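Chain nomenclature is as follows: A, B and C, assigned in order of appearance, with residue numbering initiated at 1 for each chain independently.
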Amino acid sequence: MSLTAAGLRQGGVEAARRLAGPRRAVVTVAGAALAVAGANTPWATFAFGYPGKMSLAGFPGGARAYVLVLVVPALAVLTRWPGRRAAGLAGSLGVLTLAVGNLVALARQGGGLGAVAYGAWLATAGGVLLLVGAMAAPDDEAPTLAERTLAPVVEAALVAVSLAVVLALVWYGLGVEESSRFASFAATVAFWASALAGVGVIGWLQALYPRHRTVTLAASALAAAAFPFTQGGEAQWIRVFTSIAIFATAAIGLNVVVGLAGLLDLGYIAFFGVGAYVAALVSGAGTTTSHVVLPYGVAIVLGAVVASIFGVVIGAPTLRLRGDYLAIVTLAFGEIFRIAVNNWNSVTRGPNGISRIPDLGLGHFNFGQPHRMLGVQLPGFANYYFLALVVMAFVILAFTRLNDSRIGRAWVAIREDEVAAAAMGVNTVRLKLLAFAIGAFLAGAAGTVDAHFGRQISPESYSFLQSVTLLAAVVLGGMGTVPGALIGSTLLLLIPEKLRAFQDPRLLIFGLALVLMMRLRPEGFAPSRRRQEELHTEGVGADALSAPPGSGR
Amino acid sequence: MLRCHRSSGRLGIAVLVAAVALSGCGSNKNETQKGADGSGPEKVVKIGVIAPLSGPLTALGVGIRNGADLAVRQANEAQKVKGWRVVLDAEDDTGVPDVGANAATKLSDDKAIVGVVGTLNSSVAEKVAPILNNNHIVMISPSNTNPSLTQGTDPDHKARPFDYYFRVATTDAIQGPFAANFAYNDAKKRNVVVIDDKKTYGQGLALAFKAQFEKNGGRVPTVETVEPDDKDFSAVLSRVKRFNPDMIYFGGEYPAASLLTSQADQQGLKVPLMGGDGIYDPTYISVAKQAAEGDYATSVGAPTDQLPTAKAFVEAYAAAKYADPYSAYGAYAFDAANVIINALAQVLPDQKSITDDLRPKIRQAVQDGSIEGVTGKVSFDQFGDTTTRILTVYQVQNGAWKPLKTEEFK
Amino acid sequence: MSDLVQQLVNGTVLGATFGLIAIGYTMVYGIIELINFAHGEIFMIGSYAGLALYTYVLPGSWTTNPWVTLPLVLVAAMAASAGVAVLAERLAYRPLRNAPRLAPLITAIGVSISLQEAVRLFYPGGKNVAAFPRIISSGGFSVGGVTVPWTSVFAVVAAVVTTVALDRFVTGTRLGKAMRATSQDRETAMLMGIDTDQVIVLAFALGGALAGVAGVIQGIRFISVDFHIGFIAGIKAFTAAVLGGIGNIRGAFVGGLVIGLVEALATEYLPQGAAWKDVWAFVVLILVLTFRPEGLFGEEVAVRA
């Protein structure tokens, strides 16, 4: 048995497999019993403010409740379902992770291992046994849920239910205040999702969504619109989600440039900034330099158009450049924009930026004021949230139509192999410029919303780091897909707010996350099928599609 | 396919374990939790802090938080607000306006918050002030210098934009002319080159200085702008040398200022550099060493060893054993927090809970009240600006800042 | 007239530092076509390594003698920078050797951010500006109204010596030849029996070492360092590399000088020049890539599939 990681794992599995049949079941059940017992007993020897009242018995508070929840999939190995081994592994690893993680956290906060009570050790032991039981299970068949079809109504209902569950989880997760308990919660969700994926539920849903497009879209839109009503009048998360919606809109615009057309843009935030400044300048803001005041409907179009002009101006000199050079030139343009805006006191008010941007108004409806809607008092931010959703819906529509159109296919052709595309008669110059222009247009529109939502804009918001974050949202979420951009934006903007305890190492974690994701899952969380296949067919007949550009000489 | 899942799975698990483990040590950084266990029978009122607790400005933000924390601790020990326990809730704005706005929204949702000490940057304040103002939460900044936050955007028709916004720092409109008067009348400089770092604070200060200095009859042959992160000022200094200035006025902070003064020296431009409280920091001297000798800085308030309140603050801060020094704005934050505590002591004692009608009363108590602070007497005028206009000019002598002249600016 | 000469001197000194960093970019890009975004941070780490050696390792009695301190600080900086560069290559870049262009680029950005933050968080006092020791005295000499500080002399001498040494290595030795061969055509070099992995590691190490020297120069000239100096320096150095012709070591150094001169002269002669100083490098970059993408000394860039 070799000492590499793979060798050890193999050895461990073989050793575990010596437990056959009934002894395996006993181990699993024993593990479950220990875990449940552990969840109901104290994890801390005294109360020192760790969330979940860990010093109480008979009361599975805090992370202990999550342990109970994870025991369920861990027990899957006792069934006959296909995919039970993967589910069992996920569940048992989840139990073990929660137990060990909280144990370490308790020890650190409580001042040593003496602060950790027997409940945590029980849970850890339970997790180990569960893990052994799961590893001992023989390999089983791949799940076949995805091939099943039920009556369309039933399927549609399942789609709606699944999205409602997501909304509920988001609502619950936001309510978890303490960072440590939130981390445990996030881990629980991750392991449960992994278990469901093992059993085939996720794959089934992934097959269902495209089959019932309208229901999926309607349910998602409903869930998104329902969100502010779940907040009980509190503004904090509505504000964060409005930022996410605006950011995601820009990310989808970037998806057009990077995801569809394959043009690496590292200065994309500049287009967003152009839209924001244009809107600010025509808004009649308190500290503005221009005396032009235009209604918002005009401002959003104007901002988007000016941004797209910038897009063409920036795109034009870059037409002949390949990937890396294009990236650097766009970075340069982005920085030039930031420095110019910072210096141009007479128009953009330099480093002070433009502030006291007024709230939007539609007749008597002032966006900044709280309103009662459907019987619930919604804070002012909710209005901007809905506006952002509307703009985002428009952008998503634009993206999907483009994706499915001739232009979209031409872009993909350019992305995959520009020379071949040109040989096929694709007008690469026009299409690249179009990509820049449209991407910039969408970003500019998002920027105008941001100016009114934030009531203030200044050059420091349009830095290289912001461009990187946008790109990261697109790449980490899954390039070339709308859900990918949404997931990426949500993760990147929500996690730092949720884990405010982690603010100091936040950027370090971000940097490391970028490196890790590229190493392990470069296609992102929710990639298009194509991308996933591209990036994971290693060495098996690697064709021109998956070879890196320029590798042939 | 499965192989790929496994390897990412293993690493993902390691990451999750680490995340859960590490986040545990985060939960005692935030001292408040809604319905925290272990609170006594007293009622709880909260003061928030919004400052950069991470990122490049951490040193200043942490100083602000610690200063406010010291005030809160002292208030609880002395039971200043009868029947109530004061709790500090510090939120990080990382120096970015958007993050600050999220922090302000978060604090506003908590009904126990009645006042906030912050922010550090004026740009963040622009996004935070409307939110706190709408929620009737008093906001006192220890360091914002942009006049428009209190006096509005039209200098000829001053109008207060935020009733709930106050500040204990003086605006550039005061510190700049004060420096100009000193430079002209006391230091007898006549030909001063002005450099600023393009940031709100630096630029405002530099331009205010220039206006007053020229009004006094001095000459400002040129105004140059530099990047605050830059290290090489040789080009701009060579250019400036040609005007034969007898002093350089720099609107900005000590990292750039210390380099400016030492490079000026290297280039043979051996004239003093003068700046605002942004350069009044020991690191300025430790970096510039010899070149700093003779340089000037202005700062709000009288020197700390002249006021008993200041001495008490310095001693109490050292005794509390904070991990970081109070840096430039810790003392101001201390004063700001005490202003809020003072107002609470007047309004809260007989109250059973924090109701909405109490908030305007707290604001009024802040507006009308005054305390003896570290920087002198702290009280506010009709715009929310501090009425203290005592400023001190310091000079680097023998490797340390020594107070040269303290005076009230009229 | 002396103003012009003074600015020329300023620009040359500035450009020498850019040139050193640019060489690292150009070597790496020449061989594996990766813009090592983290190279600016490697330069920054060189500065901090020198500072750390001086502050924590060297005994007090040694620090008074610049002839002893300076070489030791330089060695420490070179070793640290080269080490970090090699680590980055091994851990982050090598696994992605064959991935589509986007993945290594994002990884490089991730490494850059991580290194910056790691220094800020873990170096004692990293959050603030750190004072670099004054190893070289701050005086200088004057000739006809033009002041030249000793630190500038050191900067130019160090830069030129290191570049010439590298150039000798690359043109004169077998390993150097192997590097040039790999840079021309990696697959054929492999066929010729060259261990391209080793060559790549060498490129990273040498580029890193030069960046380390630049880091010490930075520290000595500006007697302060902070974790942020890598970013802007990196972009300008990359511009210099492109200007000189990517893959061309001498070109990179010349490109650096050009950028330095442009900055100094712009500051002098353009109104508000100092405020727009950083922009000039970017403008040069865009102009070069638009009109002459192969740079001053590079070969014609073939359109690749």
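Quick note on the criterion: contacts are C-beta pairs under 8 Å (C-beta built on N, C-alpha and C of every residue); 3 or more make two chains touch, one makes a residue touch a chain.
Only a predicted model underlies this, so the values are computations on that prediction, with no experimental measurement involved.
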Any idea which chain sits dead centre by C-alpha averages? A
Selected interface, A-C versus A-B, where C-beta contact pairs are more numerous: A-B
Length of the line joining the C-alpha centres of subunit A and subunit C, rounded to whole Å: 36
Of all residues in subunit C, the ones touching two or more other chains: 272, 275, 278
Per-residue multi-chain contacts in subunit B, two or more chains: 58, 198, 225
For subunit A, what residues touch not just one other chain but two or more? 343, 504-505, 507
Per the touch rule, the subunit A residues reaching subunit C in their complex are 258, 264, 317-318, 320-325, 327-329, 331-333, 335-336, 339-340, 343, 417-420, 464-465, 468, 471-472, 475, 479, 504-505, 507-508, 510-515, 518-519, 522, 534-535, 546-553
Subunit B touches which residues of subunit A in the complex? 5, 47, 49-51, 53, 63, 93, 97-98, 100-102, 104-106, 108-109, 177-180, 182-184, 186-187, 190, 194, 234-236, 239-240, 243, 286-287, 342-343, 350-353, 355-356, 368, 380-381, 454-456, 458, 460-461, 496-497, 499-507, 516, 520-521, 536
Interface residues, subunit C side, partner subunit B - complex: 3, 6-7, 10-11, 13-14, 120, 127-129, 131, 134, 138, 140, 142, 147, 149, 151, 218, 221-224, 226, 228-229, 232, 263-264, 267-268, 272-275, 277-278
Residues of subunit C touching subunit A in their complex? 29, 33-35, 92, 95-96, 98-107, 109-118, 121, 185, 187, 231, 235, 238-239, 242, 272, 275-276, 278-279, 282-283, 285-286, 289-290, 293, 303-305
Which stretch or stretches of subunit B touch subunit A in the complex? 1, 4, 7-13, 15-30, 33-34, 36-38, 53-55, 58, 91-92, 94, 96-99, 101-102, 105-106, 108-109, 122-123, 126-127, 130, 134, 146, 148, 152-153, 161, 198-200, 203, 225
